[in-house]
Amino acid sequence: MATLGLIEYDAANAEVRAVYNDIMATRKTDWINNFWKALAHDPATLRRTWASIKEIMAPGALDAVTKEMIYLAVSASNQCGYCIASHTAGARKAGMTDAMLAELMAVVGMANETNRLASGYQVEIDEKFLAR
Amino acid sequence: MATLGLIEYDAANAEVRAVYNDIMATRKTDWINNFWKALAHDPATLRRTWASIKEIMAPGALDAVTKEMIYLAVSASNQCGYCIASHTAGARKAGMTDAMLAELMAVVGMANETNRLASGYQVEIDEKFLAR
Amino acid sequence: MATLGLIEYDAANAEVRAVYNDIMATRKTDWINNFWKALAHDPATLRRTWASIKEIMAPGALDAVTKEMIYLAVSASNQCGYCIASHTAGARKAGMTDAMLAELMAVVGMANETNRLASGYQVEIDEKFLAR
Amino acid sequence: MATLGLIEYDAANAEVRAVYNDIMATRKTDWINNFWKALAHDPATLRRTWASIKEIMAPGALDAVTKEMIYLAVSASNQCGYCIASHTAGARKAGMTDAMLAELMAVVGMANETNRLASGYQVEIDEKFLAR
Amino acid sequence: MATLGLIEYDAANAEVRAVYNDIMATRKTDWINNFWKALAHDPATLRRTWASIKEIMAPGALDAVTKEMIYLAVSASNQCGYCIASHTAGARKAGMTDAMLAELMAVVGMANETNRLASGYQVEIDEKFLAR
Amino acid sequence: MATLGLIEYDAANAEVRAVYNDIMATRKTDWINNFWKALAHDPATLRRTWASIKEIMAPGALDAVTKEMIYLAVSASNQCGYCIASHTAGARKAGMTDAMLAELMAVVGMANETNRLASGYQVEIDEKFLAR
C-alpha cells in the first residue's frame, strides 16, 4: 500500500484536481493511475513532475512511441515493477506492438550484458569515441 | 588498461580474425573498437557476444537508430562510461541528431526520477495495468 | 518466503537470542522484524550486521532522524521493497514527518535524474571540484 | 569531454544566460559548473532541470545541508563520479563537516549492504510495516 | 502476470518445443520454468538466450556450482526477485548448501558496501592495480 | 583524488596503524591500498570495515578464491572502477587464472541480461521456487 495512501479525485483539493484534469485531458483517458494519486500528498511534486513529463514526452525530434519505449527500456533496466507495468501500457497505447516489445527487451538485455563486460574487463574508451 | 590487454588484428588468431572481419563488414568500417579487442582473449565469448548483437541490432520491428538509442538509453541509465561513448557514436552513425540525443537524455533522466518516486512511495500497481 | 525461513525468538539459540535482546533494548521495542529473523540462520552475519548498524546509526555528527532518512533515501534509490518499508517505519519513529518524507523523495528523484544526465552527457568534472 | 561540448557564458544566448544568472544569484557564486554548460545545448532541459532543482533544494521541512547530504548519498550509492564531486562540494558549502561526511558514507555503505541481504534472503515485508 | 503470457509446452510450436526439450534434457528435469515460457513469444530470443546460457554455464575453468553461485550473487546484488528465486534453486541443485548460501550473501552484502565507500570517497586506483 | 586525502602509514595514529598492520599481516603484503588510506580519516569505519572483511573473506564453506571471485562479480555488475581493479588483483592473488576470469565475466554479463528480461517481461515466480 502506498506510504501515504492514494488521493482519489473526489477527495482531492482544487490544486490536485487541476493536475488530474490536465493528465486526463492530455492522455485522453478518464482515470488517474496510482502513481499520481500517491504523489498528490505533495502537491508541489505532483505539479512539477507532471509538468516535466508532459513537456518531455510530447512529440518532438522523437515521436511518442519512441519516447515511451525508451521510458520502458530504462524502467526494465532499473527493474522498477510499477514503472514496467505502467509504461508497458503507455507504450502500447502509443503504438508499440508485441513484436516491438520483444525487440526492445532483447536490446535492453544485451545492453545490460555488454555494459558489465566493458566495465568488468576495464576497457578504456577508444580515442575515436572521445573526439568530437 | 583492459584487464587482459587488447588483441590487435595482426596478433589475432584465425577464429578472432573471422569475428573482426564480420564486425567490420557488417558495420562497414575499417577498424575494431576496444571492447572487442578486450573480449578477444576469450574467443567463445567474443563470438557469442558478436553473434547476439548482430542478430539483436539488425532492423526488424524496430529500425536501427531506435535500437541504438535504446542501447544508449540503457547505458546512460547504468552509467557505463565506455558504453555511453561507444553507443553515442553508434547511434549518431545510425542517424541520431543532437536534438534526438537531447530528447533521449531528457526521457532517461525523467524515467530514473519517477522510477524512484514510484518505488519510494511504495505505489501498488493499478489493476488496469495487470490485466492482459 | 525467506530462503532459509525465519527464526522466531522461542526457537532461537542463546547466541541469536542475545542479539535479539540487544536489538529490542536498543530500539525500545518488544518485537523483532523479519530481516533479523532471516539472518539468524547465519549467527555470525546476524551478530556482525547488528553490531555495525548499532554503531553506525547511533547519533554522532548526524542525528538519528537524519541517518534514518539517508538510509531510506538509499533504499528508495536502490528500489529495495523490504528496506523501503522498514526504514520508512524507522525514520518515522525517529521523527520524520510526512512533509519531511515528501521532500526526501523529491530529492531522491531529482538526484537520480541528474546522475543520469551528468553521465549521459559525459560531463567532465570541474577543476574546482577536484581541488582539495 | 561532454558529448555536445560546454557552452560558456559569453557564447550563450539570452535564454541560457538567464538561467546561468539565476543559478549564480541563487547560489551566490560567480561561476557555472560544467553540468549546466553541457545541458545548455538543450535550453528546455536546462531551464526545466534548474527550475526543479531550485524548487526542490530550497529549505522547507528539511534544511539545506540535509538535502545536499541526501543528494550526495544517492549519488554515492549510484556511483556517479561527476555528481559525487559536485555534491560533495555543494554539501560542504551548505555546512557538512568532514565528520558528517564520514557518518554519511558509513550509512550509505551499510544501507547498500543490508538492501542486498534483505533481497538476497527473499525476506517478506513484516505485517507491521504494511499497516498505515 | 507476464506481459505476453506464458506459452505452455502443449501450446508451443515446433521451434519452441525444441528449445524446451533441450532445456529439460540438459537440466535433467521434466518441467520448464516461467522465464522460458514468457520468452517463448519471441522464439529468436528464446533460442539465443538458451544457447548462450547453455554454453556459459557448462563446467569449464569454473565448475557448475561456482557458476550458479556467481549468477545468484549478481541477481541478489541487482535485487531481481525472479532471478534470486530461480538461481537459489539452481545453485542448490548444483550443490550449494545453506552454509555456502550464507557465506555467499555475506560477501555480496560486503561488496555492495565497499563499492559505495570506494566511490563515495572518490578513491583513486592504486598504480599497482593498473599495471598488468 | 580521494575526498579527504590518503593517510600514509607514517602519518597514521596508533589506532590506524594497528589496522594497517593487521591488513598487511593477514594479506602477507607490505603495502596498504588506497581504499584503506582514504577510510583512515574515520578510524571507526576503518576498523569496523576491515574487521568485517577479515571475518567474511576468511575461508569457510567457500574457499578464498571463490569468495574473491564473487566480490569481483558484484563489483563488475555494479561497475565500480576502483573495486574491479582491486578485486581483480585480489582474486588473481587467491588463484584466479585468466580462463577463470573470462568465465566469471561471461556469467556476470549473462546474469545482468536475464535479470532484465525476467523483470522486463514481468515474469511471475514459479510455485516450485517458492516452496521451501
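Which chain is which? They are A, B, C, D, E and F, in the order written, and residues in each are numbered from 1.
What we mean here is this: a residue touches a chain if its C-beta (ideal position, glycine included) is under 8 Å from a C-beta of that chain, and two chains touch if they have at least 3 such contacts.
Bear in mind that the values here come from a model prediction, so they are computed numbers and not experimental data.
Using the contact threshold fixed earlier, the set of chains in contact with both chain C and chain E is A, B, D, F. Any chain touching chain D that also touches chain F appears here: A, B, C, E.
Matching CA atoms, the turn from chain B to chain C amounts to 180°, rounded to the nearest 5.
Comparing mean CA positions across the assembly, the chain most remote from chain F is A. Farthest chain from chain E (centres taken as the mean of C-alpha atoms): D.
Of all residue numbers used where chain C meets chain D, over half belong to both copies. The two sides are thus made of the same residues. Comparing chain pairs D-E and A-C, the larger number of C-beta contacts belongs to D-E.
In terms of their C-alpha centroids, the spacing between chain E and chain F amounts to 20 Å. Our note on geometry: chain B versus chain D, Cα centroid distance of 27 Å, whole angstroms.
Of all residues in chain B, those that touch two or more other chains are 1, 3-4, 44-45, 49, 52, 56, 77-81, 85, 88, 102-103, 105-106, 108-110, 112-115, 117, 119-122, 130. If you sketch which chains touch which, every chain touches every other chain without exception. Contacts from chain F toward chain B in the complex involve residues 79, 88, 98, 101-103, 105-106, 109. Residues of chain B that touch chain E in their complex: 1, 3, 5, 44, 48, 52, 55-56, 130, 132. Interface of chain D with chain C (complex): residues 1-4, 31, 33-35, 38-39, 45, 49, 52-53, 56-57, 60-62, 66-67, 69-71, 73-75, 77-78, 80-83, 85-89, 97, 99-100, 102-104, 106-108, 110-126, 128-130.
On chain C, the positions that touch chain B within their shared complex are 72, 76-77, 79, 81, 84-85, 88, 105, 108-110, 112-117, 119-122.
Touching chain E in their complex are the following residues of chain C: 3-4, 41-42, 44-45, 49, 78-80.
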